[in-house]
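Next, two complexes with subunit A in common: one pairs it with subunit B, the other with subunit C.
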Partner chain A sequence: MEFDRSIIGREYDRADSEAVVAEELIAFAKAVGETAPCYTEDGPDLVGHPTFCLRYRGRKFFPDNLPKGLLGRMSFDAGKDLDLGVPIRPGDRIHVSSCVHDLYEKTGRSGSMSFVVVRFTLTNQSGEHVATIDNRMMYR
Partner chain B sequence: MILDLHLHSERSDDSRAPVEAYMKILQRKRAERALDGIVLTEHRQFDPSRDFRDLEDRYGMVILNAAEIETDYGHMLVFGVNADILARFDFTDVRLPAQEVVTEISRLGGIALPCHPGRPNVGLCAHYESKSTLEGVVAVEALNGGSKKGEDARVAELIRERGYAAYGGSDAHLVSFVGMCATEFDREIRCMDDLVGELRAGKCRPVDFRQRRVA
Partner chain C sequence: MSKTFDAIEEGDELETRVLFLSKDQVRAFARATGVDFPRFTDDEGARKEGLPGMIAPGNMSMGLLTTFIETWAGTGSLRRLGSTFRGLVLPDQEFHLCAVVTEKDEAARTTELDTWMESSDGERVVIGTATVSFD
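== the complex of A and B ==
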């Protein structure tokens, strides 16, 4: 498959969240079975669980200009890589910038596969790096 | 001397194993898998700037850098990657011409050896069912730690038929799998030139550590 590699690294979407509230940080932490007080108890030390950042994405997951050969093919989530920065705290507003980070092909036991890595870069209202999330999608 | 000739670190898209983690496991499992070193064979890439001397000194092991590439005859491991080889072949291409790969890499100072040849789609055996024999293949991976049932037997038949030399590798993508299969050499291997020399001569044999457990 021919990929237009010029789309790699180019921002295709951005979005800003409402201010985070303590209740949603606590609810998420408890939902994933976390018990550590820093994630589950309201107060000045409360921070978001590390995987809370996964709820953030732009207004659309994929760009409009993905390689056309991928449309209509079977796909699944092939995993995510998280690079964490400062924790999310109550009152934070999260900014998400989306780009295609990588496009590649590989072959395996079951045949050829194409991979699209969509990167969400999260920053807070102070411009601090909150997380980089690489979403790996596999197409067959 | 025993080396695991085939494994992947976090540089490969489907592994999260830090190189030092492999060292720690081998240190801890020495009674079960008495290896002297590893060769990293990252998928579809080669970074000549990787420097493992610090880890080698700390753990007393050899750590060499190679690559696993994808061709029209399946996957191959490339040992002795140099600037000429990188200029000649785009390692990100998943349809590299296998005969050119084997011939040219040998001419340019390295060696390309089919890996997991018994594996469907990406193994040499599957391609030999419908394509002509590759010239210049010296050895194939007789033992691969990721092999499924029947794959090693297919490879044993291939080796008997074609007279290839045999080597072994774990194909580890997870830290705990390092060294499950490996390759034994009679002479000491201290650098990639040593390794390429022994492989070219076919002076190697696979070692299977998969069944060994120490209480």
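== the complex of A and C ==
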């Protein structure tokens, strides 16, 4: 499949979250079996579990100009790469900037597969890097 | 008690964590993260999407692996986690959370891990690599 690689690296969405509240950080941490007080007890030391940031995805997951050959094909979440910065704290407002990071094809035993890597870059209200999340979507 | 950097050697295997993942845990996670779609909450709804039953979100598997790694290395120690979702994580069964130290960087005081989540029939449904830092 031909890819228009000019879409790579171009920001297609930006969004700001509501302020993070302690209860959602605690509920998330408990849901992944966490018991450490810094993730599960309200107070000045409370921070988000490292993977809490995976919930942020901006207003739209994909750009409007995704390659047309992918439309209508079955897609799967193939995996994620998470690079962490400062932890999320109650009161933070998370800014998400979205771009297509890569487009490529692979041929496996079940035939040809196309991959779209969507990158979300998260910063907090002070401009500090919270996380970079690369989402690999596979199309068959 | 988490591991100290000096006590770690390349090739060390983390003590495997055996976890029974219930459907209620998956539903709680889906609610907590705003992804309470049928595929993550209800067998019938998942089957309508062509799945064999409700599944756990990939993000939940990453969360479980992170908790497992940070229990070994200490809270706040994870710097990077890369994961590949190779199979469906079908709840109401036991999973094994596993990892091995593949590299130790004395100067940076970091370790690299291979990590994976294995179903009760031995299938590695999630595999990944992680970077962990130590004080």
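Everything below uses one rule, namely that the second predicted complex is superposed on the first by the 140 of 140 C-alpha atoms of A that agree within 3 Å, B and C clash if a C-alpha of one lies under 4 Å from a C-alpha of the other, contacts with A are read in each partner's own complex, and residues count from 1 in each chain.
Definition applied: contacts are C-beta pairs under 8 Å (C-beta built on N, C-alpha and C of every residue); 3 or more make two chains touch, one makes a residue touch a chain.
Values in this document were obtained by computation on a predicted structure and should not be read as measured data.
J.: Counting only touches as set out at the top, which of subunit B and subunit C does A:111 meet: first, second, both, neither?
T.: first
J.: Can A:28 be said to touch subunit B (first), subunit C (second), both, or neither?
T.: second
J.: Is A:39 touching the first partner subunit B, the second partner subunit C, both, or neither of them?
T.: Second partner only, subunit C.
J.: Is subunit A touched at more residues by subunit B or by subunit C?
T.: C
J.: Contacts for A:77 in the overlay, against subunit B (first) and subunit C (second): which applies, first, second, both or neither?
T.: second
J.: Could you say whether A:90 touches subunit B, subunit C, both of them, or neither, answering first, second, both or neither?
T.: After superposing on A, A:90 lies clear of both subunit B and subunit C.
J.: Does any part of subunit A touch subunit B in one structure and subunit C in the other, and if so which residues?
T.: Residues common to the subunit A contacts of subunit C and of subunit B are 136, listed in rising order.
J.: Okay, in this complex, where on subunit B does subunit A touch?
T.: Against subunit A, the touching part of subunit B is residues 13, 43-44, 70, 75, 92, 94, 119-122.
J.: Quick one: in the complex, what on subunit A touches subunit C?
T.: Those residues of subunit A that touch subunit C are 24, 27-28, 30-34, 36, 38-39, 47, 49-51, 54-55, 76-84, 87, 136.
J.: Would you tell me which residues of subunit A are touching subunit B in their complex?
T.: 104-112, 115, 136
J.: If you look only at subunit C, which of its residues touch subunit A in the complex?
T.: Where subunit C meets subunit A, its residues are 19, 25, 28-29, 31-35, 58-60, 62-64, 66-67, 70, 75-76, 78-85, 128.
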